[in-house]
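In the two complexes that follow, subunit A is the common piece, with subunit B as its partner first and subunit C second.
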Partner chain A sequence: MSSTGQLTAPASVPAPRAVPARGAGGPGGRFGSLRQRRTLSFYVFTGPWMLGFLTLTAFPLGYALWLSFTNSDGLSPNPRFVGLANYREVLTDQTTLDSLARTGLFTALTVPLTIAAGLVLAVMVNQPLRGRGIFRTLLYLPAVMPPVGAGLTFKLIFDRDSGSANGLLDLFGVNGVSWLTDPYARWVLIVLTMWAAGNIMIISLAGLQDIPKEILEAAKVDGASPWQSFTRVTLPLLSPVLFFQVVTGIIGALQSFAPLFISLDASPQGMASVPQDNFLFMIHVLTQYFANGRYGYASALLWVLFAIIMLLTALVFRLSKGVVFYSVEPQAAGKRPRTLGGK
Partner chain B sequence: MPKSPMTSLDRRRFLAVSAGAALGASALSACAASVDGSGGSGGGSGSKTTLTVMSHDNELDKKTIQAAEEALGFEIRFIASDDTKLNAMLAAKNPPDLVRGLGATDTPYFAARGLMENLDPYFAKSSALKASDLDPVNDVWRYDGHKQGAGPRYGMAKDYSQDQMLWYRTDLLDAAKLDHPSATEPLSYDELLDLGERLVKRRLGKVRVYGLNATGLGNFSQLMGMTASAGGSLFAEDLASVDFSSPEALKALKWLLEYTKADIGPNVVNPNPDGWDWPTYQANRMAIACDGYWFGGAIGGDPKVAKVSRFAPAPQLGSNRISPCFSATGYWIPKSAKNKDAAWKFFEWYFGGQPAKDRASSGWGIPTLKSLHAQMPQNTALQKQAFEVQQQELDYFKVLTFSPYIQLAALDATLSQVLPKAVRSGTSAGKVADNLNSLMNNQMAKGKQVLG
Partner chain C sequence: MVFPRRTALYMLLVGLVVLFLSPFGWLLITAFKDASELRALPIHWWPHRPSLGNFQQALSFWPYLGYARNSLMLSTLYAVLATLASAWAGYGFARLEAPGKRVIFGVLLSTMMLPHIITLVPTYLLFAKIGLLNTYMPWVLWGLCGAPYLIFLFRQFFANMPKELEEAAIVDGCGQIRIFWRIFLPQSWPVIATSLILSFSWTWGDWIAPALLLDDDRTTLAVRLAKGYFTQHGEPLNNLVAAGTVMYVVPVLALFLIMQRGFVSGIATSGLK
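After this line comes the complex of A and B, so read on.
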């Protein structure tokens, strides 16, 4: 049996008995039985993560949940328990509802656009071109750039009075545009978001390269045009990768505070200068926390966002049935070990 | 069969242990700094006192820290100013020993929450800092529970400016064939707006040279000062609400809307990309900058700009001539600080010792001890002119009371949300005032509720 076969023994084959390792002691040995040692190593290896999860995720989540039921301002000594008042306010606060709607629109626009742009770039740099590596690097470079740096560059480019975008218009005698304020700021934000499409490109490129050439060649032999081959073979086989990008893209867009990168100043006062069209939900949350000092209400907003993300993710998973094609059924993969060459 | 100790490490127990460890770690992290602080307080074990100071690194630079350590024998732990961190440290009752703050707007908020140490007993005992020598600006650091300017002292300003005064470039005014503003009589805000409109230079929808920046310190402070100069007040007497509908406040709001609409300088719709006035002013792209005396420190560093710059009194909206200070940046000692006595020693050294003298002669602000006023720079023509104008202006200084129920950032945030829409849609000042009253008063009511 090959080594691979050993790793993927079919379920029908009885599992080998645990053989005590030499020197490690038997069931009553210093480190217990093999099963016990496995248990121990599992916990030793997961322990640090678990500790990090509890201190840095579970504890803050719980603390924020507690805050959301109070009127805490983060400083006053005696915050009062207000029950569900903060959650009721979420439903009636027009600024919250507007920012939520704006964030929904931002997500609906940027997620498909970014994925489409990344896919197009991936298809382009997957072609057997001369200097393909250079193109791949150049297209990926913006994704490596820290968002704050990209934001600063965008601010310089799109500044109304001294930016190069208006400098270009000036050459043609066209009036300058106030890019970083309403109603143009939203488009600058969308371009800034798509600026990092190189990330999507890399993942899509990996997915494209994972598609067996034989299948594409078979499609060609069967008379499929390049477009048919792309839409009927490549896209279905790439669908798990695209699905991953949709899910993470939606979560990222809903939590985006990119507008701060192109605002004048990211301080609490600066948050207020974010143009209304770019006043996304997370900007509203940050303003409530750090400009208005409403820690209780802001925490309730975050929990509402958490619930929305969970619901949307569940919805996307449900809608993906019949659209996303796995080469191995995920459920089946869990029940039956996948064989790599063995039967 | 009895379980071995190893098998008893089941999932539940592991999770329970991890959760316990996590909580323990969180608790320990909260204690860690306080242990450090108490250990650092010196006691009798001969260990050096560690004084924790939260400030800006351009104000408390390495050289100053080193000088403080040498002069006071402390070790200084510097923490960069960060509101979020400060809130967390105050909430954990483990704050820095000294905190940089803006006396004009921070004092009521923090004092009303019982977070500031009353410094009166320290001033009473001090030989370096005498209450009689304190410049009136230090009164913004006083709060009696109802108004600023009275009651215990909670902090002290390092230096200050009367922030609605203005600097102008004579070369740009001369080129536009405009008279220079008087060095003794204040302009009216209408005259200032007119000057700004004449001085602005545009090309193809872009502003090449700003005529005027009237909002360098934020819109709310600007409106507060303008309303006061018209004889009114934005805050109600109990400081629990604002009223933009009073004739004086409405006049100020109308002016600000006109200024924004005129697009003659940085405003809430088109802020200055430079972030502050100096780079723009230095580059000959701003004719009038409404900044206080401190701006002269920057101008003085560039002889070419100094040659064409002049200082002028604060413009007035009405007949009640005032010239307030909106920041009075300084330090305060948190009530739960671990090293209050050491912090006070730093206070005496920083506000009354060599650093205070150095600041006084630098021209970057008015000294906060009356005895140091004579050390303000008067070597160049500009410094002499600025000194004279500033000395006359001191008579019009006034403490404007801020509310303990809301922070300045929240008020500026509301203005930034409301004004751009109002300017674009041409909403009347009356309607804008109603909207602002509703939004701000709602927030202040919540702040009052929290404070109890």
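After this line comes the complex of A and C, so read on.
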């Protein structure tokens, strides 16, 4: 989270680097040695990150993959190799399948909702209004809120006895409910997620500001109504930004464990206090690791999630072809997002 | 004709701002109610006897400041290391050429998309094996490697700086490390500020990594606060929760509100070619 959205503006496509030492015109030997030194320097500068990637990202992933083929419980020194048994269990474990379906629904609901809300907000605060900077800041502020702080705040609002939600219902003569338990907890979770729509707003706003004024002027001259120029000009030009939001939104939603922060016991051992409706896949995974100590099975669950995320991302990329409009050819095999989003 | 539409837009925006800020409002109102008022039915929309007592109690009920100090140390440690390391790597990606650079850069970009929590749990198991649990070493290691997002940020900034800068330095016989340290880094303070703030608030807000890696006495405020305040009989003390939450979030919100200008100028500077 945090204010990553603020930083989208500089993501303009940088000019490709010229070949180094071009035009130095010096003797060939000197040119070669300079190039070699540059190569060496490149690895000196990027080496720490590469080392970190290998040891702190790639290796743990591989380690989890190995664990997923064992019955490791984290305690016994020699876990037994069990082949695909864990993966077979993934397909038959009802809790897994239920939490997966729930996560799918949560993703399918919150990603479009937050993106739509963020886009609408962005269009509104992009209007030439006095004080729009203040509106931007205030609408974005909830997105800066640390997740634990946001969760605790929502627990206070939706508290059965002292919360403002039931207080409001009471004003209309409606009896209050236990918001933080089934079947209401899911709505609290969705509202909590939507509260951070300012993140999308800021990123979309940067995208809106990148749209050349001349194009919109031209549409106006051609007699396009504001709605027409929004749907025919603005939206297509904004589609790479929105597309990137969809991808990061899906990735974020699928691995969300936000329900923990509005549950009774927010600790690694307290996953059982998460209401059934909010028992998302990641909560299930953490339960298997830390409440049940089933490292092997939990690692298999993680890898299933990893695979699903990769597949969905690939699918979204594939589907977006023809829908997402790049005004500039995307660089580097089309992988580079034109606009950067959340962490 | 235009005027009423603009007024309507204003009213809508004001309404939305009120809606978006109302959770903060309720948090503050709750933080100023004493325990008996919190039980009032129907609820009080405004504290009748506002007092700062909750804040004092929230600080002393459990060692709040100790956890806050842990959070501060960990966040500062990570922010400084990650910013330096990311600038270091970002310089390499922006200004240097080598075979394989494209592939490596592609890996960097895809790790930005990688679901972090998936690697975190196996990393926890590894750190447990080599005895790094309940130490701040994992954050040192993570910091020293730099964060992909920050690396990308620095890379964008450095890539847009004029070539003449380093060409002149090379003619003068400067090595790349000195060029980076003496010429590029001092010019990049807007990005440095942004990077420091971002990485600081990530760590300040992070729950899962300290919850997994640190024991109760060394953990961060986020982890301890999430557990809440309870009486000996297990009854939640929501007024203390509210006060504790206010003190926990205000530094991050204030940092954002104060440094917003810095952010914007950072964007403006790096947006120029």
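Everything below uses one rule, namely that the second predicted complex is superposed on the first by the 296 of 343 C-alpha atoms of A that agree within 3 Å, B and C clash if a C-alpha of one lies under 4 Å from a C-alpha of the other, contacts with A are read in each partner's own complex, and residues count from 1 in each chain.
Throughout what follows, contacts are C-beta pairs under 8 Å (C-beta built on N, C-alpha and C of every residue); 3 or more make two chains touch, one makes a residue touch a chain.
Every value quoted in this text rests on a predicted model; they were computed, and no experiment measured them.
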Which of subunit B and subunit C A:224 touches, first, second, both or neither: neither
Partner chain(s) touched by A:50 [first = subunit B, second = subunit C, both, neither]: both
Partner chain(s) touched by A:147 [first = subunit B, second = subunit C, both, neither]: second
First (subunit B), second (subunit C), both or neither touched by A:77: first
Which superposed partner A:67 touches (first subunit B, second subunit C, both, neither): second
Winner by number of subunit A residues touched, once subunit B and subunit C are compared: C
Touching partner for A:39 - first (subunit B), second (subunit C), both, neither: both
First (subunit B), second (subunit C), both or neither touched by A:162: both
Which of subunit B and subunit C A:177 touches, first, second, both or neither: first
Touching partner for A:233 - first (subunit B), second (subunit C), both, neither: neither
On subunit A, the residue positions that both subunit B and subunit C contact, one per complex: 39, 43, 50-51, 59, 74, 155-156, 159, 161-162, 166, 170, 265, 267-268, 290
Residues of subunit A that touch subunit B when the two form their complex: 28, 31-32, 36, 39-40, 43, 47, 50-51, 54-55, 58-59, 71-80, 95, 155-156, 159-162, 166, 169-170, 173-178, 181-182, 264-265, 267-269, 271-273, 275-276, 279, 287, 290-294
Contact set on subunit C toward subunit A in their complex: 6, 9-10, 12-13, 16-17, 20-24, 26-27, 30, 38-39, 41-43, 45, 85, 88-89, 91-99, 101-102, 104-119, 121-123, 125-126, 128, 141-142, 144-146, 148-149, 151-153, 156-157, 159-160, 163, 170, 175-177, 180, 194, 197-198, 201-202, 204-205, 207-208, 211-212, 222-223, 225-228, 238, 241-242, 245, 248-249, 252-253, 256-257, 260, 263-264, 266-268, 270-271, 273
Partner subunit C, residues of subunit A touching it in the complex: 1-4, 6-7, 9-12, 14-15, 17-20, 34-35, 37-39, 41-46, 48-53, 56-57, 59-61, 63-64, 67, 74, 121, 124-125, 127, 129, 135, 137-139, 141-142, 144-157, 159, 161-164, 166-167, 170, 195, 198, 247-248, 251, 254-255, 257, 261, 265-268, 282, 285-286, 289-290, 295, 298-299, 302, 305-306, 309, 313, 332-333, 335-337, 340, 343
In the complex, subunit B residues that touch subunit A: 4, 6-7, 9, 14-15, 18-19, 21-23, 25-26, 83-84, 87-88, 90-91, 110, 113-115, 203-208, 218, 268-273, 275, 406-410, 412-417, 420-421, 424, 443, 446-447, 449-452
